[in-house]
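Next, two complexes with chain A in common: one pairs it with chain B, the other with chain C.
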Partner chain A sequence: MDALISQLLNGSAQGALLLLAALGLSLTFGQMGVINMAHGEFLMLGAFTAYLVQQVIAASDLSIPVALPVAFVVAGLFGLLLEVTIIRWMYRRPLDTLLVTVGVSLILQQAALQIFPSQGVPVEKPSWLDGQLNVLGYEWPLRQLFTIVLASVCVAALSAWLKYTSFGRRIRATVHNRDLAETTGISTRTIDRLTFFVGSGLAGVAGVAASLIGGTNSQMGAQYIIPAFLVVAAGGIGQLKGTIIAAWAVGVALSCFAYWTTGSLAQVLAFILVIVFLQVRPQGLFTVRTRSLA
Partner chain B sequence: MLEITDIEAGYGRTRVLHGVTVPAGKVVAVLGHNGAGKTTLLRLAIGLLKPTKGRVLFDGEDISSLAPNKRVARGMAYVPQGQQAFGQLTTLENLQLVADGRRRGKALIEAQMARFPALEKFATRKAGLLSGGQRQQLAIARALITEPKLLILDEPTEGIQPTIVAEIEQTIMQLAGEGIHVLLVEQHIGFALEAAERYVVLASGFVTQTGDGGLAAASTVRAAMAI
Partner chain C sequence: MLTTNKRMRASVAIGAIGTTMALVLAGCGARAGDDTSTAGASAAASCVDTSGSTIKLGFLNSLTGGMAISEKTVSNVLHMAADEINTSGGILGKKIQYVQEDGATDWPTFAEKTEKLLTQDCVAAIFGGWTSSSRKAVKPVVEKLNGLFFYPVQYEGLESSPNIYYTGATTNQQIIPAMDFLASKGVKTLFLAGSDYVFPRTANAIIKLYAAKLGIKIVGEEYVPLDKDDWTSQVAKIVAAKPDFIFNTINGSSNVGFVKAYYDAGLTPAKTPIISVSIAEEEAPAMGHEVTGNYASWNYFQSLKTDTNPKFIQSWKAYPNSSGVTSDPMEAAYISLYLYKSLVEAAGSFDVNAVNAAAKSHTITFDAPEGKVTLDGKNHHISKPGHIGQINANNQFDIVWSSDKFIEPDPYLEAYDWFPADIRKQLVGAAG
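And now, the complex of A and B:
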């Protein structure tokens, strides 16, 4: 029973981290249909940003809260640059986008290797994340709880932004029917750029959270990109609710499998689970219910 | 207002419109059988398609290469074929989308809800779950919120229940009476000729007849459509 509770809690934290990585993808892949393999490297940029902010603000208690918005902007700007220079020419050409962004991810990894030590850099946890919380007898590290809180805040903010703001409505409209949006007076180019900025920025925030849990190095993005894509696909393309549930399920599955087997076998088993699920339900957990196609 | 002169356009290497000129008029009807090029002409008018030859002028400005959203900003509105609405957004959100950022945005929405009461009744329902007729009313309301000088309508009564068809036809007549210019593609030739000041008949992408709406006999138009 104790093992189950501990794995549920660990898995929830892992799921929250996956969710943070997948949130941006649910916008750029789920909503815009762009397969951006460099999304993992935007996460890496967020993690390195946390490290660099700590070089400027030595007090880690303060540096992490500062690093979160800075990482959002830094990763967001890189995403915007990618959209403006490359992606904009490749909408509706998913295979080309995939190949080009794989190239971009390799360039970013190499650039990180050139700038930072190959073994990675340390990001200090703030002291307020040092403790544990007792949950049914299990000492749950606060940094895991922080990841869940951060993911919840990001989900709530993203949902509210998409639902209640003018930009959110325009994004949803553009995703739904691009030509119709354009003839309604929406500048779909502006919406594309903004969506890419926010989606990539969220990867940056995920990177800060990841830097507190695992290592910060040039390869870290590759760890998250495939599970994040699987989460978005399993949740249902463009379905935020589905992404949340899928991220949690994959996180818990990874944690439980890792407990009973090994870390690398757990990854394989979790992927098999998602692939089998997608065979049974290719549309993912949730789909759009509508009487019309438009 | 809108002048389309000697237009050639198509998709890829397939040319659909051949030297098409649309006469100026307050309400202009474009008539023709399926595949005649009517929808292509309207897509070209709103900017979803660029001409390979010819000019599109709006209020004297050459807008041939202008993006659709910029044409909307200049006073054009488009109601596409097929009762198109943003299905995942609610009825109200579909209207807010256009009203956002406009002065009197809320009043503009209220005015359209008064015009089409079903929209108020189903304000919180997702547009994808509305009936075809309600979606078409929503599409027209969305266009009207932009306070257009010119309304482009592509088969607004196609596939809609008869009671709503009458409402939509009445709305089009009202709008023309309010001074909004209308470019209309319509299968109901009787209504189109009654509403139109001028009409143009397309067959296989060529103009086969133009004339004054009120005076035209439906049989003459049908003959021109068959050419």
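And now, the complex of A and C:
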């Protein structure tokens, strides 16, 4: 029982990190259909931003809250740059974007390797994340709770933004029917750029969370990109709630498999589950009804 | 209604995932033997040019890809050693002219570059490698072309080759001293945590045998893939098992995640310390204060007090692109070039067979930063002191235990009665 509670909580935290990594993808991939393989490196940018912010503001109690919005903007701007210079020429050519963004991801990795110490840099967690919270007898690390809170805030903010702001409504209109949106006077070019900025920025926020859990180095993005794509695909393209449920399910599955089998087998089993699920339900958990003809 | 567009996106997503996985697997999978059959050069025909005032040597390190994290430093320190040797007159009066190649964290590339260095650049010897997979990719090529390869990293042992010199520790110089240290601390229960590949699995097989002999009980054994940082589920098992000590054979960035999960779970060096064999001065800073107080087993520490260490540290700190701290693997790489110089000068020739003969007929020593090391001419490993360091707040190591003398290399653990011949055979077969 203890073990079950601990792995459910632990899995929820793993799922929350996956969700943070996948949120941005669900926008850029789900809403825009762009396969951005450099998304993991935007996450890395966020983590390095957290480190740089800590060099300026030494007190980690303060620096992590400051790093979150800064990482959002830094990663967002890199995303915007990528959109303006490369991606915009490749809409409707998903396989080309895949290859080009793999190249971009390698360039970003190597740049990080040249700039920062090759073994990686330390990101100190705030002292208010020290310690554990007792949940039904299980000592739950506060760091995990923080990841879940952060993911929840991001999801709430993103869905409110999509639902209640005019920008959000325009994004949804563009996703549902690009041509019709254009005829009603929406600048789909601006919408594309903005979506890419927000999607990449969310990866930056995920990077700050990841820097508190694992290592911050040039290779860190690689371990998140595949699970994040799997989560988006399993959740259903263009669906926030599907992404949330899929991330949580994959997180808990990974955690429980890792506890009751082995760390290596857990990865295999969790991926098999997702692949079997996609065989049965290739459209993912939820689908968007659209009137587009494509 | 599901549109074809959505369906297409889903299938493209799967394609994207598949492509990435294929790329990752291509990077990881050791296809060591694949490239050996393509070489046309015969073993006897060496094209090394010894007529001029320079001698060509090859440096083969991953400067790109995942292992660049570690191997860049080795490449830098090799450059430093070459510069030092050149300033003091070179090898047999010839200046070193090095050819740097990038192994790119890809084992078939290591094999290809080895062949290129030997047959096209005509280098007299190659220095580098880090992972056992890279060494195992290079091994058949240097053996077939009768080249020389100097490997600078501690590894799982159970190997020797006439064409490879090993300047890092084999298991009886790092793992066994660590276990002796644990026994001296009165440790009764031990938990094994490692990355999932050949070194941790072989090391743990040896640890389990020696633990049985020492009366230490193994209360758990966990592995996580090299590229995964999340250790929380496994650490939960450590908390439940309540071991006296954790033996850590995790490698790379995964160590950071492990230490963070360990700290988060409320485990402390006071009650459940970690002894690790891959956290050194270079790695510790990336883990912050959460690793402080834990232990590591190495043959060299920056804090080591020897006659030669201060000069080594000083030269490294002054060297361009230096990381500022010295560590065991880079010291072993530094040794490798000097050891080669001693070998060639004892042989009076750059010829591989002459060098190997000199290794057997002469006593080759080097006043290394870790102390005076002696080459074993038969197994091509070197004698080393065993030290245990405790990580302090400056990410340096306070030495808390040392072996009473230099430990002779015994890669096949033949001098240890608790290591049965059938298990040796099985492990050598599995690693081969």
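Here is the rule we use: the second predicted complex is superposed on the first by the 288 of 294 C-alpha atoms of A that agree within 3 Å, B and C clash if a C-alpha of one lies under 4 Å from a C-alpha of the other, contacts with A are read in each partner's own complex, and residues count from 1 in each chain.
Convention: a residue touches a chain if its C-beta (ideal position, glycine included) is under 8 Å from a C-beta of that chain, and two chains touch if they have at least 3 such contacts.
These numbers were taken from a predicted model, which means no experiment stands behind them.
In the superposed model, A:Thr216 lies in contact with chain C only, and not with chain B. By the touch criterion defined above, A:Asn177 lies against chain B but remains apart from chain C after alignment on the C-alpha atoms of chain A. When the two structures are aligned on the shared chain, A:Gly185 is found in touch with chain B, with no touch to chain C. In the superposition on chain A, A:Ser166 contacts chain B only, with no contact to chain C. After superposition on the shared chain, chain A has more residues touched by C, the comparison being chain B against chain C. Of the two partner chains placed by the overlay, neither chain B nor chain C lies in contact with A:His39.
In the superposition on chain A, the residues of chain A touched by chain B in one structure and by chain C in the other are 288-290, 292, 294. For chain C in complex with chain A, the touching residues are 1-7, 9-17, 19-21, 23-24, 64, 66, 68-70, 72-73, 196, 222-225, 227-234, 236-237, 240, 253-257, 260, 264-266, 282-283, 285-289, 323.
By the touch criterion stated above, chain A contacts chain B in their complex at residues 166, 169-170, 172-173, 176-177, 179-188, 288-294. On the side of chain B, the complex with chain A involves touching residues 46-48, 67-69, 72-73, 78, 80, 82-89, 93, 96-98, 100-101, 126, 128-132, 135, 142, 146.
Those residues of chain A that touch chain C in the shared complex are 3, 6-7, 10, 13-14, 29, 33, 35, 37, 94-95, 98, 102, 110, 113, 117-125, 131-132, 139, 141, 143-144, 210, 212-220, 222-223, 225-226, 229-230, 232-233, 237-238, 254-256, 258-259, 262-264, 266-267, 278, 282-284, 287-290, 292, 294.
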